[in-house]
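Both complexes below contain chain A, partnered by chain B and then by chain C.
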Partner chain A sequence: MNPTPLVVLEGIGKRFGAVTACQGVNLAIWPGRIKAVLGENGAGKSTLMGILAGQYQPDEGQVLVNGVPVRFRSTREAIAAGIGMVYQHFTLVPAMTVAENLALGQEGGPWFSPSAMARRVSTQAEALGFAIDPDARVADLSMGERQRVEILKVLSRGCQLLILDEPTAVLTPAETQTLFAALRRLAAAGVAVVFISHKLNEVLAVADEVAVLRRGRVVDECPVAATTSPAELARRMVGRDDFLAVDRVPLEPRQVVLRMAGVWGGGLHGVDLTVRQGEIIAVVGVAGNGQRPLVDVICGLRAPERGTVTILGQGWAEFHRTAPWQGGIGYIPEDRLGVAVCRELDAVDNFLLTTRQGFCRFGVLQRQRARQQVVELMATFRVHPPQPQLAARQFSGGNLQKLVLGREFFRRPRLVVADQPTQGLDVAATHDVWQALLAARTVAGVLLVTGEVSEALALADRLVVLYRGRVVAAFAADDEVEVARIGLYMAGAAAQEGAGS
Partner chain B sequence: MSWEWFLPIVAAAVQAGTPIFYATVGEILMERAGILNLGVEGAMLLGALAGFWTSMVTGNPWVGLAAAAAVGSLACLLHGVVTTVALANQVVSGLALTILATGLANFLGTPLIGLPAPGFDQRPLPGLSALPILGPVLFHQDVLVYASYLLPVLVSVGLRRTRFGLRLRAAGESPTACRAAGLSVLRLRLLACLFGGALIGIGGAYLSLAFTHLWTNGMTAGRGWIAVALVIFAFWRPGRAMVGAYLFGGVMAFQLRLQAAGTTVPSSLLLMLPYLLTVAVLAASSRFRGVAGAPAALGTNPEPSE
Partner chain C sequence: MALVVRKRREPLPWWGSCLIFLAAVALALGGGGAMLALQGKPALAGLSVLIGSAVGSLWAVEDCVLKAIPLFLCAVGVGLSFRMAVWNIGAEGQFALGAVGATWVALSLDHLPAAVLLPFMGLAAAVAGGLWAGVAAFLRALLGANETIVTLMLNYVGILVLEFLVFGPWKDPASFGFPMTAEFVPAAILPALPGTRIHWGLVLCGVVGVAVTLAMRSSRLGFEITVCGQNPAAARYARMPYGALMAVVLVAGGALAGLAGFVEVSAALGRLQPSIMTGYGYTAIVVAWLSGLRPLGVAGVALVLAALRVGLESLQLDFQVPAAFGGMMEGTMLLVVLAGSFFSRYQILRRPA
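Up next is the complex of A and B:
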């Protein structure tokens, strides 16, 4: 093994405005080894790797390549220094062939020979164990194949360090295994690989070393073989001791605000569900197992085909025909910019989208009064920047989500439906959203749909597991036996007796 | 009586189709790089005027042709700068170019109406012109027609077999990928305007230097618009553009013959034929192929992060 690291990061710090993305990061990357950078959304992984790949310049510290300090002003300079990155969003031309895509950024004479390029690509791909047809159009390739083309693209420019940003997010399990095999072959050939992920099992499966990033700092760095346990790694990643311990004082459940009995439609298969005021029910499961139709049915976006839905004591059709703007349902959609708000409207207009009935006199909107209300909400929910005239798209994900929460809670809902409310949010924003949901329990029942089991366990009183449109398990959050089996339920194993809540 | 009466009509179709063919290939070059240019009609007209005036003043139609290419390039570069540097809407900028250029050409050209200028005459190619059928149709033409026969091969090879062509197509398909490869979308698109504009200018000059040897106001008479439509008909391929251009040339030549033969159909109706065909062809090709083959980033301006 090479005695010197290929790339060293020394005391790297980077701020975006008031937000510190990373701080005092030291990291050594060795040739022939796969390093996983593990961390939650917003932990600073992507920023750190963006600095390595020449996307950003660090505010503090320095990057050394083969012991020489460097400062990249563009991704092109980073590539010239042998550092290439495969982004989550691919940068290929779909209408062109694989060979043409690979030739695009390369230097050379004025002529381009598709057949010669195809031969070169084939040789290169075979050496890596990639099965790629160089004459195939990229548009016809699967996501996994496109990713392989991206990797080839980086390597064909002579990169010695390959960075992959959440590479498995778009892959099927089988494609993930192919990718891992390829990464191991690359490492065996002496390439340094950095693998960004927030999935523990993947890191343990493929990496030689792991660096755990939390709130922009490296909190742990060790060989994977020396990792005491996945649970310990998880604890370090999310920092449960100082962060996940939100104060959840259980409240006495009161009247039922939502009752679903044998509901079918849009992929739901006889779902039973009850939500009472004072409790949070978490719906967990792998995405696409019925979460979307469940939320759509409750919020009135889709009619149930069979079964009964009772909302605040009224039938589904009756409730949604006359849904009150206050004291009804507060809906926090998963698609923030697409469903929750209008991108180009300002904060006040977006606020009025669901609250306009409260700001209407003789058919005229009282925009000034709404504006004062938004300013107040911005202070209460700590929205930054607190400027109501900004368009929705100008707020960061976390701040926009807090605006949506503020708007929906202003309607004093008695049933809150929160669909993936912390997806893509940083740690601080996640914390604020959690606090808001817990506070909502005093007046409402909360249905929390989430893909993060840790979130469900932190907030919910009861958990419901969805699998292929069915409730396969329902249990209290403090039932340790059942909680230990969540993974099995989510994978569809062992439907529980008498499922339903 | 045999089919031989038909050959002069086909020969006339090739001649009438040639200016449209040049303009269509020019537009294809620009659109392949992502620039939708609705200013073809205007750029053609300016090319026709510049070619005619320069040829008249210098007495050399080749100098006139060069001037037409240069003016066509400049006109399209104006559109390119407005859309890629100032990021203006491509549709609006193209329409504005046509309006501006039409007005300018008619203003500058009015004193030239009726004046003579040297141009290109039909010169049968030795050897080839003796071929049966093909000889009288393809090789009893002028030098600009002969040159246009090479266009599909040259442009196809240029787009597919050169590094520059590869990059130019990438600029029209995915500016993001282009930039990730370290290329300048701006530079590629402006170069496409330069080359495409030259061809469009030559297409215009064909009207005033070869098709006729005269200048008349508005002499392009919608041929630029037909070229824009033909690009879609041709699925952005120069070879198919040749077929399309001759088809339109054929309709134009045919209606002229009908008028000459003294038909009772009003001439205004006959004059409409090429444009009716444009509408029909567009509807048919969209019906059967959709917009397949259109460059993915056509008409869009990349984010100004360069």
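Up next is the complex of A and C:
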């Protein structure tokens, strides 16, 4: 093993206004090793890595590269020092080819030789086990392939430390394996890799050592070999013992809140579905198999072309014409920042987004009263930081989602539609969301659309599998025979005794 | 030593924006001086005439305020729709229709006392301007027609409507063939505030400014307009009536531009004639864009651009510069101020070598 660390962080602290993102962080990164940085949303992972990559400047402490203190003022300087980062949101030009993207921002003369670049790309890609056509347009590549281009881009600039921010969030399982293989190859070649994640299994699968971040501090750092189990890691990460174990006491299903019969439209092919008060129905399936139109139809954003939809005893058109703000549908959209909130507005205004009818007298909004309600919700739903004056974009994903949940449950919905409610959330936030959904059953029926079968099994009473706009299977969550076949159904195999039974 | 450009983390305080605006105005004036020099005119003397005649006397300042009043009304109107990211650039046509509406009442109900006649004229102007903008909202809702194009094109139609009336049915038989209506009766003339040449339109501006500020800040309607402007997807999700709100901002903006037309035709001219169209509706777009859409900012920018108009009139007389010089100055100012707004979003830092 190399005797000196490549990069050392000493007492790093960073504040954004009133929010402390990290504090007194010490970390050593060694060449040839993969370090996972594990933490909840808002634990300070991204800020810490942003400091390493030159995106932010620390308020306290220093960064040493090969034992020499450095102070990066831009990502360009960090790259010059051999530190490169692959962001969650890619920074490629879709209309250009792989080779052209790699050439962007490169130092060198004014001339560019596409063929020479393509040759360099091919050699590099092969060394990593990446199959990439240098002449392919980025727009035509899958997410996994784009990520490989990003990694190549960083490496082609001579980086010795590669930072990846939640690299597996956009990958299929097979692509994840390819990525991990490449990371191991890189480590073997002496590159240091830092890998940000909140997925425990991945950390155990690929990392050599793990640092656990909580509320801006490193609470634990150890070799992965010394870690006993995912549960142990998770406990350290959230600092609470009740993670992941949700008690699902089945409730007696009561009246029907949603009934769909033979519904067509927007890619749906004759969907039948029933949701009763007191139960959670999970809709599972590979993304893009009709989940979007299903949710849109129920929530009134798209009219069904054929078939009948009955919501709380009323026909679709009738219900959505008058749609009460309270006691109707609570909808948690998949795209939090893009649909569920306005980024620049504060928590109070975002709360009013769907509850404004209840805080309005003679056309004037009662913001003071709404503010008190938001403060209460923030306490109930453990939103951190509990500051209603912060803009939506200033909350981390999990805290924003809890805010959205609090708002939607405040409307006392009798039908809850939750579309991928825990996507991108860490263990603790996922747990809080799950608890909230289970609690909602006492007054509402819940339709949970999720890509995670484990989530569906943890929460739902019944599962419905969508494939190409059709319900190909519907069964109880404790039907072990059917549960074992979920993978087949998701791939399109129809149920033996007919769908929707 | 090298310089780096960086996005500002904290937004610039309001006085910072003011400073940038004033610096940009100074730069634009310098550019104007250079243009004067190119024409072989004395640049410094020209600029001092420009500034002196705009702010050098009480009379001049009153002139600036008078010109700022219609600018303010039009700019608050277009600013309403800008907040919703709806691009109403038709204030000029809405202004023309407002003048026509007010004139119609002034000519046909001239027996009424001022206390009744003036509110009626204002109402007619607001309705006419609002309906004119409503055409764009209607076409957008019905056919998905782009409101930017429609409001722009309706400007030309609106001005032609005005010209048709003053060249035809409304032409004063005693005007020796000039295209103008008969002079309004005294009851149809907006009176001046006591002790000044400034008319009651100023009070109207105050009322409009306060009303719009309150509506945007505290009302549910204003909240919904803000949300629609910030994130149309969230507005749809929250079941806000996007189309209806768009109609509201367009019609309200048209009504305000119409009121400006009423103020001008009544107080400034006392009759309807084509010379009423001096481009207030176009300048108002510049004002709204430069003001950050806050009514107080609109007032400040409207005063500056009005002062420029006043100063340029004297400059034209004293130095025989062509009338187009005014347009060049206004355009320079817009460009420089917009370029200057770069500094309100970015900062330039020194980086030690």
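Heads up, the rule we're going with is that the second predicted complex is superposed on the first by the 253 of 501 C-alpha atoms of A that agree within 3 Å, B and C clash if a C-alpha of one lies under 4 Å from a C-alpha of the other, contacts with A are read in each partner's own complex, and residues count from 1 in each chain.
Definition applied: a residue touches a chain if its C-beta (ideal position, glycine included) is under 8 Å from a C-beta of that chain, and two chains touch if they have at least 3 such contacts.
If you're wondering where the values come from, they're calculated on a predicted model, not measured in any experiment.
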Taking the superposition on A as described, I'd like to know which of chain B and chain C A:Gln435 touches: first, second, both or neither. neither
Thinking of the overlay built on chain A, is A:Gln255 touched by chain B (first), by chain C (second), by both, or by neither? neither
Looking at A:Thr75, would you say it contacts chain B, chain C, both, or neither? Reply first, second, both or neither. first
First (chain B), second (chain C), both or neither: which does A:Trp111 touch? first
Tell me the contact category for A:Glu100 with respect to chain B and chain C: first, second, both or neither. first
Touching partner for A:Val339 - first (chain B), second (chain C), both, neither: second
On the A-aligned overlay, A:Thr172 touches which partner chain: chain B = first, chain C = second, or both, or neither? neither
Quick check on my understanding: which residues of chain A belong to both its chain B contact set and its chain C contact set? 74
Chain A to chain B touching residues, read off their complex: 74-76, 79, 91-96, 100-101, 103-105, 108-114
Of all residues in chain C, those that touch chain A in their complex: 4, 218-221, 223-224, 226-227, 230-231, 233-234, 236-239, 351
Mind listing the chain B positions that touch chain A in their complex? 160-167, 169-170, 173-174, 176-178, 180-183, 295-296
Partner chain C, residues of chain A touching it in the complex: 73-74, 300-301, 323, 331, 333, 335, 338-345, 349, 352-354, 356, 360, 363-365, 367
